[in-house]
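Shared between the two complexes below is chain A, which pairs with chain B and chain C, respectively.
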Partner chain A sequence: MKADGRALRGVVALALLGGFVLPIIAGFAQTARAAFGVLPAISAVDWSLDAWRALLDLPGFGTNLRLTLVTGVGSTVLALVLAAGFVALVYGRWAGLMGRALIPLLAAPHAALAIGLAFLLTPSGWIARMLSPGVTGWDRPPDLATVNDGWGVALIIGLLIKEVPFLLLIMGSALGQLPVRGQLAAGRALGYGRGMVWAKVILPQVYPLIRLPIFIVLAFSLSVVDLAIILGPSNPPTFSVAIVRWFSAPDIALILPASAAALMQVGVVAGAIGLWIVAEGVARRVGLWWLRRGGRGHSAGPGLWVAGGMVAVLFALGILALLSLLVWSFAWRWSFPQALPQSWSMRAWMTPGAGWGDAARATIVIGVATMLASLALAIAWLEGEDRARRGRAGWAQVMIYLPLLVPQIGFLYGLNVLFLQMGISGGMLAVIWAQMLFVFPYVMIALSDPWRALDRQHLRAAAALGASPWRRLVAVKLPMLVRPLMVAGAVGFAVSVAQYLPTLFMGAGRVATLTTEAVTLASGSDRRIVGVYAVLQAGLPFLAYGAALLVPALVYRNRRGLQGGAR
Partner chain B sequence: MSLGLFDVSVGPKGRAPLFLPVSLQVAGGEVATLMGPSGIGKSTLLDAIGGHLVYGFAVSGRVELAGRDMLALPTEARRIGVLFQDAMLFPHLSVGDNLAFGLARGVRGAARRAAVEEALEQAGLAGFAGRDPATLSGGQRARAALMRALLAEPLALLLDEPFSRLDKELRAEIRAFVFDHLRARAIPALMVTHDASDAEAAGGVVVQL
Partner chain C sequence: MRPLIIAALSLGLGTPALADWQQTLDAARGQTVYWNAWGGDARTNAFIVWVGEQTEAKYGVKVEQVKLTDTATAVTQVISEKAAGKDSGGSVDMIWINGPNFLSMKEQGLLHGPFATDLPNARYLDLGPDAAASVDFTVPVEGYESAWRLARFVFTYDSAVVTEPPKDMAGFLDYAQANPGRVTHPDVSNFMGSTFLKQALVEFAPDKAALQAPVTEEAFAQATGFLWQWYDALRPLMWREGATFPENQSVQQQMLNDGEVDFGVSFDPASAAGAIAEGLLPDTARVFVPRDGSIGNISFVAIPYNAANREGAEVVANFLLEPATQAHQQNIEVLGSFSVLDATKLNAEEAALFANLPSSPALPRLADLGPTLLEPHASWMTKLVEAWGERYIK
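Showing the complex of A and B:
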């Protein structure tokens, strides 16, 4: 029995090591070689620092870096503050309603949301149309940079709309592990205001539980590409967008400085995380000093309402953005100051042959394959832990989440060079495999807690009834976990649909998904066509989440013990 | 058929055992009782006998059932049933499927249904096969759990405070129901309890840990 568990663990560990960790290291090695002058494919063979010198001389380099730091760190700090304030405000009040409102925003891929936001915020966008000419007096779109603004404000808004719901979700599950109601009552009985109890008692307990997701948000915000292409400053763009541009520039000599930049991007993320950890220490000291002064903070209420109001505005923007995709995809004639299209049409939807049919098919095939493979691997991993009867080692935790913490661009390009040498670049399999690097960790995040929360007594009962480990898995564990399994599958599918960079690089331009097409078309194409792509891109994950909620409810409609349990 | 414990002790690996070694013989149909203060390791001893020890704990000594060494076998091959504080009916299966879960593979088709129906009838649950376990009362659940354990034809049964969640009247009733079935089938049983009336009703040896 023990040996069986060991064999299973061994296979899973080997699969992760060989499939995930080694390729990432190999990709980095490839990138690093190129950063120091060696890339035989373009007949660069001499070790040198030229690539770095060239990078420093590239136009806009300093601005690129500043934009990335401001938008990445700024949006993470803001998202954390807003989410914390919002949770303090709504906890125990409108939690159910909020939970449902979060789903579309969580499910929508970044690119679709960004396109919708652009449709909403541009001078010729929906908001301007609703307010014109009545409020603004405009009868033609003004010449303002409300999207792609040089400060990155639109990009920060876009990041916030995706990250605040994610943090709220994570905080929600962390709060479930704490006796919040009792501590809230105890704190208020000691004379502390509601907001103060949250800040001084609850949040310090929540923070350690959500630390890893915060690092993931930070790393993501610093290295995001698709969102930054659509909403971010265009010239000069953020660092990561600039790197992608240099990599795909017609001038192949730019590949070397681009590799140096990709390596530097890793340093930027590592530095930011390091800085964040230093700031944690400072915040702990300051927080303790503040806590020991014993202020009751009855005046903290307005601060919470400001945070709550901002989150409500963000949610409204997000929902409107998704709605605007739908409206535009069915619009036909829609001249500027009209609040709604003058005539509607199905025409954009009638021509799948124009490209979105193939893209949708590729997206679904890749998404389902990636999701199933990741789910199988996750189940194998968790079952291995069960059979060894022990929890997860620290190194394993790091290995699973590593792909989410290092910038994709740091190793994907280098990896593709290796794939090219092996002749497997540009195929579906290469894309599926590359996406799994990022899908598997999210599936693990979604599945680990419910898996561990399963009452072990049920498994003991099954074993005492003579069920083998295999039967315990198939006949007891998996059926009892159908709901979290379906949710994890939906999360995996949604993450796969949203992948941009892995699809772009590993597909070598030959694999077109809804996401790659939508990002390409986003600037300057017909909004009706872009709308169709983005609606499909946002709709597929939404359908997956719907199925994840619906299927268990149908299968277990007569099983009260499994309703509403593990969500 | 009897359950024998020879100098059995349990504790965290590499550390002192939780209690002094226990030796005990339980004949078929007898119910022996383990008593002692909370945290002494009564339930851990049951876990060791049934094969449910968590990682990091080790058992020493010998456990024999029908002449075979149990500690060398995996849980599912020991044929030692367990009744917990909660009935632990599988929430995704109907009451009938729960009972059938422990039936041997060789019992097929109509014989399988008949065995389940008969067990349900003995438990006063005739016609409950299609029911959702979550809709059963506490007493009904306890009886269904016993029937599920018995259908697996265990060679011994472990009782881990199985009556402690029941109110006083129901407790006596369920207790008598369980003990009667054990005696009728000559199954040796080992019970952990905090309640002296349980030990008295069991009528077997009482071991103080």
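Showing the complex of A and C:
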């Protein structure tokens, strides 16, 4: 049985290595060549450090880096604190309600949310329109930097709206593995306040389980492009936006320093993760000292309410942002300071021929294909682990999550060259492959814990009755896991829908999805058409999450024990 | 419309060039041309769809627009393909291009050509050595790209808010002093943002002829002295004190519509009329140009050296030059961009196509637009963007 498992694991590992890791390394190699001066296509043939010198001399370089670090690290720390505080506040009270409220925010792609949020917050935006001129006395919008501000506050808010729900989801699933209720009761009995029990007892146990997702959030925040273009400062912008601008400058020679910058971006992410690990060590010592002091104070109570309040405000902003896009998609003229459009129109929705029909179809085809392939691969991997009766080795963990930890811009350009050499660029297949790099890890995140938490008694019973490993997988495990499988599928589908850079690069611009169209149209900034795309973009994953909740309930309507599932 | 085109085509059949053209038409039949074009303007996108319908019906050539956020994306794609050794069957068939991107591609040998002068409809163009369709930012076109639409730098404003728009670029400083925070321009990394600076450069440069030659350090220092003085005074009075800028012209147009700023910029004299029709600007929106004229250039289409559907792309480029196509394009309800054809080369019937187009109060007459100022040599723009970055990106 062990050999069987090893073989299965070997096959999956090879598929991952050949399909994911090698292409990424090859992509990096291409980028690195250009960073050190070699890109024969633009007649650059001599190895040199000129590209790095040019990079250091590019105006705004220092500010680019500072902005990236402040917004990236700042939003990650804040997201963690807020999510932890919020969970402590609502655990066991309104968790079900909050879980449902999270779905639209999790499902909405970053670009759509950012466009809505920009409209909400800008001085001529929805909030200002609702308050003007009555409350504010403005009959024309004031010159205030509420979005694209120089400190990146709007960008941090945008990141928080996406990351807090993600961390809450992850924490929810981690808490499922801990005896939280009992520990809470014990803590309270010993005289600790609710907040104190969470801070001193539960969070230290949760943290190791959510460490990897935190790194993913950190890496993402440090290298995000679309959100930073729409909400971040523009002059100078964050490092990743600057890199994209350098890659697409009319002066072709800038591709060389841009490649150097793309490599450096990898260093920035690695450095930030390194710093985080150092900070963890410090926090561990301080935390132990604090624990041993044994204070039972109730003082964390107000802190929890502040965190809870801030999260509620973030959620409200996110929901309003999405709602504003829905309103825009039905608007004709809507000018400041009207709280609602002066005139309405279905025009933006009436012209599917101009793009959204085809884009929606392509998005669904790619999303379903990517999701199914990733699910199949994930099931194969997890089953391999089961049969080999071993947990996941560190290297395997790194291999699976590598695509989420390294900045896309670092290898996508090189990967495109590689795909071109193999003659598979510009097609659906190339896009599906490239998207799987990012979809598979999320499917693994969503599926791993429920899979491990599966009640092994049933499997032992099946084995005792003579069922083969395959039969146990198909007849026992998968049916019991329908709910987590559906959730993992929905997560995978949502991630696929949101992919921008991989679709753009690998599709050679020919594969138009809702997201590529929405980002392109956002540069044209007709909010009504962007509204249509954003509504569809957020709506498709929303349907997928809805199906993930509904289907198990229907399939198992006669099997109450499975409805809660192994979640 | 159709008999006219057939008549035009039959006119010169039999000459060797047109016999070649028949071969091109035969080869093009059944091809799909991937036209890489900035996709931020819904009207342009719709026009490209229309072009595809027409060429498919007439020549069996389909057109698919690859919607770009930035033209350089297509340039990068061709470079990637060259890096990968893919010298034929490339994915980019045609690019809407001009200025620095054209210069880059031409210098790197990334373009197919010369083809433009051999297109049958090139006879409607003035292709004299200094004519607008023969030079692109003073770089000789030499048949490596074909004209398709005329661009004139204009400002848009709401006549209900601004009663007296500035007379020239210097006037923007007076306006900003009286109305701080109401003037801005697109980010200088964007084409329109750098055009705003170029318009001022052309206005302030003591020696305008120097701008037509490739830039030198000395010429640059001389030409930009007053420009920086003016800009240093203007910047703190701009929207957000000149610390941040809208990403591109469309974002700025939205800000004009939202009332956050008082002016928009555009390369299309019909932009205000078009935006009103689309509901994107108030009915009182108008355009104006500086008193002494504004920068103008021509938008071209070019074909990469490795294009898979080169013949189809040539057929589409030729179709774009049909008088009927140009008249359709000039229609305010379609695109409203002025024709690139030489009016003196049109016969009465062709000229009539242009005379009978609908009008709009927001559409300027040709006379209102004043003289067209020449684009500086492309190297000036690159240098200007660089120098601006050094001065103002901190």
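Just so we're on the same page, the second predicted complex is superposed on the first by the 557 of 567 C-alpha atoms of A that agree within 3 Å, B and C clash if a C-alpha of one lies under 4 Å from a C-alpha of the other, contacts with A are read in each partner's own complex, and residues count from 1 in each chain.
The rule is simple: a residue touches a chain if its C-beta (ideal position, glycine included) is under 8 Å from a C-beta of that chain, and two chains touch if they have at least 3 such contacts.
Given the structure is predicted, the values throughout are model-derived calculations rather than measurements.
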Contacts of A:558 with chain B and chain C, given as first, second, both or neither: first
First (chain B), second (chain C), both or neither touched by A:9: neither
First (chain B), second (chain C), both or neither touched by A:465: first
Contact breadth on chain A, by residue count: chain C or chain B: C
Which superposed partner A:39 touches (first chain B, second chain C, both, neither): second
Partner chain in contact with A:480 - chain B first, chain C second, else both or neither: first
Touched partner set for A:194, first chain B, second chain C, both or neither: neither
First (chain B), second (chain C), both or neither touched by A:162: neither
Doubly contacted residues of chain A, that is, touched by chain B and again by chain C: none
Residue numbers on chain C that touch chain A, as the complex places them: 34, 36, 39-42, 45-46, 49, 64, 66-70, 72-77, 79-86, 91-92, 99-101, 104, 108, 180-182, 187, 189, 239-240, 243-248, 250-251, 253-255, 257-260, 278-280, 282, 381-382, 389-390, 392-394
Partner chain B, residues of chain A touching it in the complex: 1, 388-390, 455, 457-458, 460-469, 475-476, 479-480, 482, 556, 558-562, 565
Contact set on chain B toward chain A in their complex: 50-52, 54-56, 74-77, 79-82, 84, 86, 88, 90-93, 101-102, 104, 132-135, 148-149, 152, 154, 158
In the complex with chain C, residue positions of chain A that touch it: 30, 39-43, 58-60, 63, 122-124, 140-141, 143, 145, 148-150, 229, 233-236, 245, 247-252, 255, 332-333, 335-336, 343, 345, 353-355, 413, 416-418, 420-421, 423, 425-426, 504, 508-510, 512, 516-517, 519-521, 523-529
